[in-house]
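Quick heads-up: structures coming right below.
Next, two complexes with chain A in common: one pairs it with chain B, the other with chain C.
So, the complex of A and B:
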């Protein structure tokens, strides 16, 4: 197998995930497990490469929840002309923040009424660079209806599409380590944070540190969306659980003042 | 479509808003260009003729109403280009200020795609 630089990121991240999942202390010990196919590791390894790669409109039930419930609550709390801030962290190569922007254009009737700021952050500068470029392959676009691809992307070569400049300009990219307050704080307070499928890779202590760190980046009454296999209730008691028709999300309780 | 070839300039500092209006207009056959503020809009209209200008009010560098007032002081025919003002404000003083600046029509955001194309057709003189 050979991989481009962009793929290299996925390879490294997927291998790191498998090392965490198998409690491997070194790459050498993980590689030994893989070669011996202990506990069916070859299949896990292959699955890690084929099912976890991110793509546009992934877990779109949360996007539906965003426009059906979450933004309505935030607008009701903040007023009819307030700015709305949304954070995608980690954003990887940009599929999630760009999906949010496209989803808002297609599904939120107030999209021209509110100043919308979408911030997208990742610890990895290589993926941020890739995200800023906004060039995507067929796999990343597989869930998007063809008319959406035609409307928001320009074909570049046989299997590559460039997202429109206005969408690139709609997302601000920053580097951040979510366990470091000095890196998360400068991003400010958000109405909705998407933090999907990253906390599962942390140990319990780091998970709680990260979650409570992100709490400080939420407006009182602001929401945080996790991956569908993740539960904040098992991570930190600070958040309220909110069950909507399309998704379960967590909220920083409104009304209390931040000290 | 009667809209085919009609040229619209969307002037708004928010990229998402420009894209939103552009998507609605292009799906009905309009050709759309964009400007980020009044200053950039002045440059665009000096380079090419437009059938309609869709102009936001609150923008950095040059706001929408200042732009419209400057437009109306330019030589004909460019000075007569129809202007649709889009704004989050909806007070009587806001309508009056837009009219005084020389706007043809004023609509309060949110603007639906249907409203936008209907107004564009009207202001471009396309029979319904």
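So, the complex of A and C:
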């Protein structure tokens, strides 16, 4: 692998990600770990540079947690026929919100009893346009079972598949900068927010502002799922940690009277 | 195939409308005497309002809701001005540990604004303040901070403050810190946790500054 100067930012981001994942306090200590290949770090390091796109069913343990635990709690709190709102932010080119939709259809027995709204947001209008188009390559589908691909996608050419119109129509896309409350607030309150692998790239101040915005966008008792290297406890005390069998997630306390 | 439908209506409960321009007087009044919801809203709206830093710091001192207090400190961080630093620095001396920590976190996020305050804070009469100032030094440019921390270590009498400085030097210190660490270890002979911390730090600095063999 080789990277030009133009890719410097990309390289820095990947290294920063690995430093957080290994709890390295400095580049020097991370570099020492890499040189010694501690706990197979060389492989993790290489993967960090090759997995540069998202894909369907990424971190599917959180999707299991969604249908096993989170929605059950939300339904218990809201009632058996209440609408459920889920937010995927940032949604990039759509793999995450469409994954949520497919996962619910395949794995949540109550899917027909509830009005479900999935909102998918990103700051980048170009990726939002791609997400709306719903056209994906082989790599994006690599973790989906063949029968799921056959059920929800139609092939378009040798290495491209388009997600069914029913699913494309079931996700609402909006442009959002999550550090701007004037952009986050119009999206309303959600039962579950997926905000994975973005806060890690913010500075401390921006992380705190984003956390408060996301807090406001959650129903009291609603959940937020972060990326596996991220911890809300290090960013903001506004949320409770909830540990489930499949994932650690964060919850807006049900009784808070603000926000 | 079952269909996941788009909701035809907007979410019943929405967060407050951020597009509304906050009225400065109302925000300051709400910070001082509003309901919990009003205080949260005021804290979120405060950045950009003249005089907000002082009002936020005053309100944070008496705030009882942890969530609202957090929003007040985030607002002070967003303001990121000499005025907000001036309001936060005295809170490092608070008897309330939560206030001290919250002020520290906010100041750490305002690195360049805080830099000029660090030398004085490292010489503060209050050892708790000196200890927290070591954390602020961590965020400053490496060489300058290392020099300040070395200077502190030469005279500091409180082992906990020394430990805090040593911990930061483990990250940012160079070979010039080694003799200072040795003298500090000598002065605190018998204080086992500090001796241990100094040895680890010195080893780290030696390891990171010795020439690496080519692979």
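Definition applied: the second predicted complex is superposed on the first by the 207 of 259 C-alpha atoms of A that agree within 3 Å, B and C clash if a C-alpha of one lies under 4 Å from a C-alpha of the other, contacts with A are read in each partner's own complex, and residues count from 1 in each chain.
The definition used in the following text is that a contact is a pair of C-beta atoms (placed from the backbone, for glycine too) under 8 Å apart; a residue touches a chain by one contact, two chains touch by 3 or more.
Keep in mind that what you see is a predicted model, and the values were worked out from it rather than measured.
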*asked:* Let me test your reading of the model: by the given contact rule, A:81 touches which partner, first (chain B), second (chain C), both or neither?
replied: first
*Pick one for A:101: touches chain B only (first), chain C only (second), both, or neither.*
both
_Once chain A of both complexes is superposed, is A:93 in touch with chain B (first), chain C (second), both, or neither?_
neither
*Who does A:204 touch here: chain B (first), chain C (second), both, or neither?*
second
*If you stack the two complexes on chain A, which partner ends up touching A:166: first (chain B), second (chain C), both, or neither?*
both
*Scan A:217 for contacts with chain B and chain C and give back first, second, both or neither.*
second
*Counting only touches as set out at the top, which of chain B and chain C does A:185 meet: first, second, both, neither?*
second
*Could you figure out whether chain B or chain C reaches more residues of chain A?*
C
*Between chain B (first) and chain C (second), which, if any, makes contact with A:109: first, second, both or neither?*
first
*asked:* From the superposed pair, tell me which chain A residues show up as contacts to chain B and also as contacts to chain C.
replied: 101, 104-105, 111-112, 115-116, 151, 164, 166-167, 169-170
*Would you pull the chain A residues touching chain B in the complex into a rising list?*
80-81, 101, 104-105, 109-113, 115-116, 151-152, 164-167, 169-170
*Given the complex with chain C, which residues does chain A contribute to the contact?*
25-26, 28, 32, 83, 85, 101, 104-105, 111-112, 115-118, 151, 164, 166-167, 169-170, 172, 180-182, 184-190, 203-205, 208-209, 212, 215-217, 219, 236-238, 256-259
_Touch list for chain B against partner chain A, complex_ = 14-23, 34, 86, 88, 109-112
*Complex contact set, residues of chain C against chain A*: 1-7, 10-11, 13-19, 36-37, 39-41, 44, 65-68, 70-71, 74, 77-78, 80, 105, 108-110, 171, 207-208
